[in-house]
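Presented sequentially are two complexes of subunit A, the first with subunit B as partner and the second with subunit C.
Coming up: the complex of A and B.
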């Protein structure tokens, strides 16, 4: 039960990773540390006396704006190097460019956070929300994990609806399929990419707040966040947001069961389940079934 | 073809290297001789130890470049093999009792041997997902190592093979040994890239499908690069363990090794043999100069790497490589007027 609920948090984290990859084929290695940045921002705002819900309302749009800026300033120039014909001019990192840029951001940001906030672990004070429980039969279910799962499910549903039903979503899917053709119909791919990243960063900011409330985090924690989100995506199957939710739950279950046999092997059990899925079902549990 | 065209064709020469490369190679040879014969007698023991770290960084950069620059695979998990190399060295030297000059290359072989089965797993992922997949594998290596009591659990191991050896003698041995290994790895990479295999690898990097249709064994080539690159990382890990006299799982399996490799290759110039040399010297110098400021140097390094990828994608070496090549791997057609023909450049 606990494991399934933990999956909600991983799915929420994985949502943005999946979205950026789906639209732009960029794997954002700074994903985890950005979530931790959101947690630190929220913590600072709460310490300034803002109520938690208001801090969240501030951080999420701030992250959306950050996402737009990062895409226009860093990822778009990096993408411009992808697919450049070697005969056209100096060939550099080529298609590795976005990956390398995001790794540079991750290294710089992690150590910046470490210098500013030190390596001590922190947690966002929730006023008892993190420890509150709901009795279900003989079990007690945490209110915060339940809330996280509900938020994850509604974020995924919203993103799906946005992609499927709105004109922006249509344009985004068009750009993802063929940026050149989309540009001919009057869609600006660079703007569309930035909107997609803004959306992804908004979900990431929200995820960061929930991570900050439920766990002890430090600047280095971003590394684990990235790995967990990534494992949820692969276990669930690439390109399927609901699959990611399922993948997050599988990962959460594996970690919880692993931790019950030995408190130190929870993370290892999660990694091993991920590798097992890679061997047995490389396409994930729900491959591309509900992409559109 | 017109007469003029024929005349032009007749004046073309296909060259590899040239006077510049010979001169540059001579300079490098002088540098190596200086490092081997003069430097150990004029600097302190502490400086020698830190030079050993520079040699290890050159090996790390060169082998990561083999993966990313020539194989097109960005691995963020090479610290897995740095760790394996470190642990293998200590086990081979202390538990098995192998002489150190044999244990270090053997540790490299252990890394390569472990990389072979691992490659079947991580090759199921492509591009960016390959990057994070290798990272997960490295974490698994670290967590499993920490659970094995014979490997010291969470506290690590220390090397006892040097017990009773004079400190000067020990540092001098490690220094010369590391220098020799670095020269061997760089030369070996150069010879590999000059060979038929290297030409195939370059083709795979530029266009995998086209290379495959021309009969290049794509999977075999990538696997070879992964195994060789991982063996090199293990070699560097063994040198680090030899120089620091021990390993702890937290530091020898740290992702900062891979961060260093990426910085060295990207800033020096990806896809060239000279680039990692330049990058390693720069990384090492920055680390030495900014170390008193804590981790700020990593903030600077991350920002510099981003700037180089975006503004000077061929790296520092790329800014001069148009004119010079110390390690000429590709052939070049000379005597072609600019824009008259497409000269295929295999060097990139």
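Coming up: the complex of A and C.
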């Protein structure tokens, strides 16, 4: 039970990573530290006296805007450099440049956060929400993890619905299929990539808030966040959003069960499951792309 | 006024000049066929017209307005829609979603989903299938439908026949004929001279990126062209033909013969 709830958090974190990969085939290494940035931003806003919900409402659109800017300003030029200008078609020339750019962002941002906030661990005050529990039979289930799971599921459902049902979502899938052909139908691939990243960053901002509420975080915490999110994505199958939710659950379960046997080995158990999935099913448990 | 006016177009790929000073014009309601062998610069010309590969010099006017350097996605909104070589249907989108992508520019006009489904009944039956599982001919129909849904001022068709069986090609060109007959202005790039002549009002032949022949299609009959100007009684047989009567029809376009190196030099006068 606890594992499934923990999985909710991982899934929420991984959603944006999965979306960016699904649409653009970019692995965003700055994903983790950006989540931590969202947590810090929320923390600052809450310390300024804003209620938590309002801080979240501010941070999420801010992150969407940041996502749009990062894509237009950093990732699109990087894609163009490896001959994958979204405006002209066939891709696969190389994934390294955008990967390196995101790595640079991750390193720089981690250090910047350290400068500004020091390396001390913090947590977003939740006014008792983090420790509240709901009695379910003989068990007591944490309200916050339950909320996280519900939010994760609804975020993934919303994004999935958006991709499947709206014309923007359709265009996004078309761009993922063949950016050049999408341009021929009138879609600006550079803009559509940026919209996808904005959406991913919005979910990432939200995930950051939840991470900040449930754990002690520091600037370096981003690495762990990235690792877990990445594992959730891989276990679930790259680019598949429902797979990502499942992947988060599997990872959460593995870590919780591992921690039952030995408190120190929870994270290790998660990594081992990740490795096992990679060996047995390299495509992930639900190997589909975002399009499905 | 001409829908499309192209003057002195030059397109390069690095050091290679693929299109070398081509001029052409397409009048309202007219269908122009651009013919030529592989590497003659036909597809590059279309890429420059559609905005997917920008020219180094020359100008492209759409309804008198310059669009020479307008990127592809904005050019569609202005009214130039391309059916690309190799069809490039979105594999993971359903047929209907593929067609709806054509509606992205939201240009008003006679073409809507229903009109496209009436034009291609087979496509209508497949509307919920994914683009990737369709046969080549079905994909080509979807690609044509997708471009039509943009309600273009001019429809660019690049090698509709490429990699398709002769009967399928004939069916597709039946549809193209109906489309152009209904008043859609079109520019057809094709290697299959027979099919091109079925739909074209005028023919322009390229060799090495230059125009070597311009003629009204009505006076051009492939056999006459071949017999009269190149002394070829029969074009070479189709490589995969099984029935004898197939061997001599619709195979190598006369223009390719005309334009291929080593044969009689091809001048506009020689082809007329």
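As a working rule, the second predicted complex is superposed on the first by the 277 of 292 C-alpha atoms of A that agree within 3 Å, B and C clash if a C-alpha of one lies under 4 Å from a C-alpha of the other, contacts with A are read in each partner's own complex, and residues count from 1 in each chain.
One rule holds for everything that comes next: a contact is a pair of C-beta atoms (placed from the backbone, for glycine too) under 8 Å apart; a residue touches a chain by one contact, two chains touch by 3 or more.
Source: prediction; values computed, not measured.
Visitor: Touching A:140 in the superposition: subunit B (first), subunit C (second), both, neither?
Guide: neither
Visitor: Between subunit B and subunit C, whom does A:260 touch in the aligned arrangement: first, second, both, or neither?
Guide: After superposing on A, A:260 lies clear of both subunit B and subunit C.
Visitor: Just to be sure I read the superposition right, which of the two partners does A:131 touch: subunit B = first, subunit C = second, or both, or neither?
Guide: A:131 sits against neither subunit B nor subunit C.
Visitor: So, does A:154 touch the first partner subunit B, the second partner subunit C, both, or neither?
Guide: neither
Visitor: Applying the touch criterion given at the start, work out whether A:21 contacts subunit B, subunit C, both or neither, answering first, second, both or neither.
Guide: It touches subunit B, and subunit C stays clear.
Visitor: Which partner chains sit in contact with A:118 here, subunit B, subunit C, both or neither? Use first/second/both/neither.
Guide: After superposing on A, A:118 lies clear of both subunit B and subunit C.
Visitor: Does the superposition put A:166 against subunit B (first), subunit C (second), both, or neither?
Guide: In the superposed model, A:166 contacts neither subunit B nor subunit C.
Visitor: Of the residues on subunit A, which ones does subunit B touch that subunit C also touches?
Guide: 87
Visitor: Across the complex, what residues on subunit A touch subunit C?
Guide: 87-89, 167, 170-171, 173-174, 176-178, 180-189, 289, 291-292
Visitor: In the complex formed with subunit A, which residues of subunit C make contact?
Guide: On the subunit C side, the touching residues are 50, 52-53, 71-74, 76-77, 81-82, 84, 88-93, 97, 100-102, 104-105, 146, 150.
Visitor: What part of subunit A is in contact with subunit B in the complex they form?
Guide: Going by the criterion above, the answer is residues 21, 25-27, 29, 74, 77-78, 81, 86-87, 90-93, 95-101, 103-112, 114-115, 223, 226-227, 230-231, 234, 238, 264-265, 267-268, 271-272, 274-275, 278-279, 282.
Visitor: For subunit B, which residues are in contact with subunit A within the complex?
Guide: Residues of subunit B touching subunit A: 68, 72, 74, 76, 121, 124-125, 127-129, 131-133, 135-137, 139-140, 143-144, 147, 206, 255, 259, 262-263, 266, 270-271, 294-296, 298-306, 309-310, 312-315, 318, 342, 345, 348.
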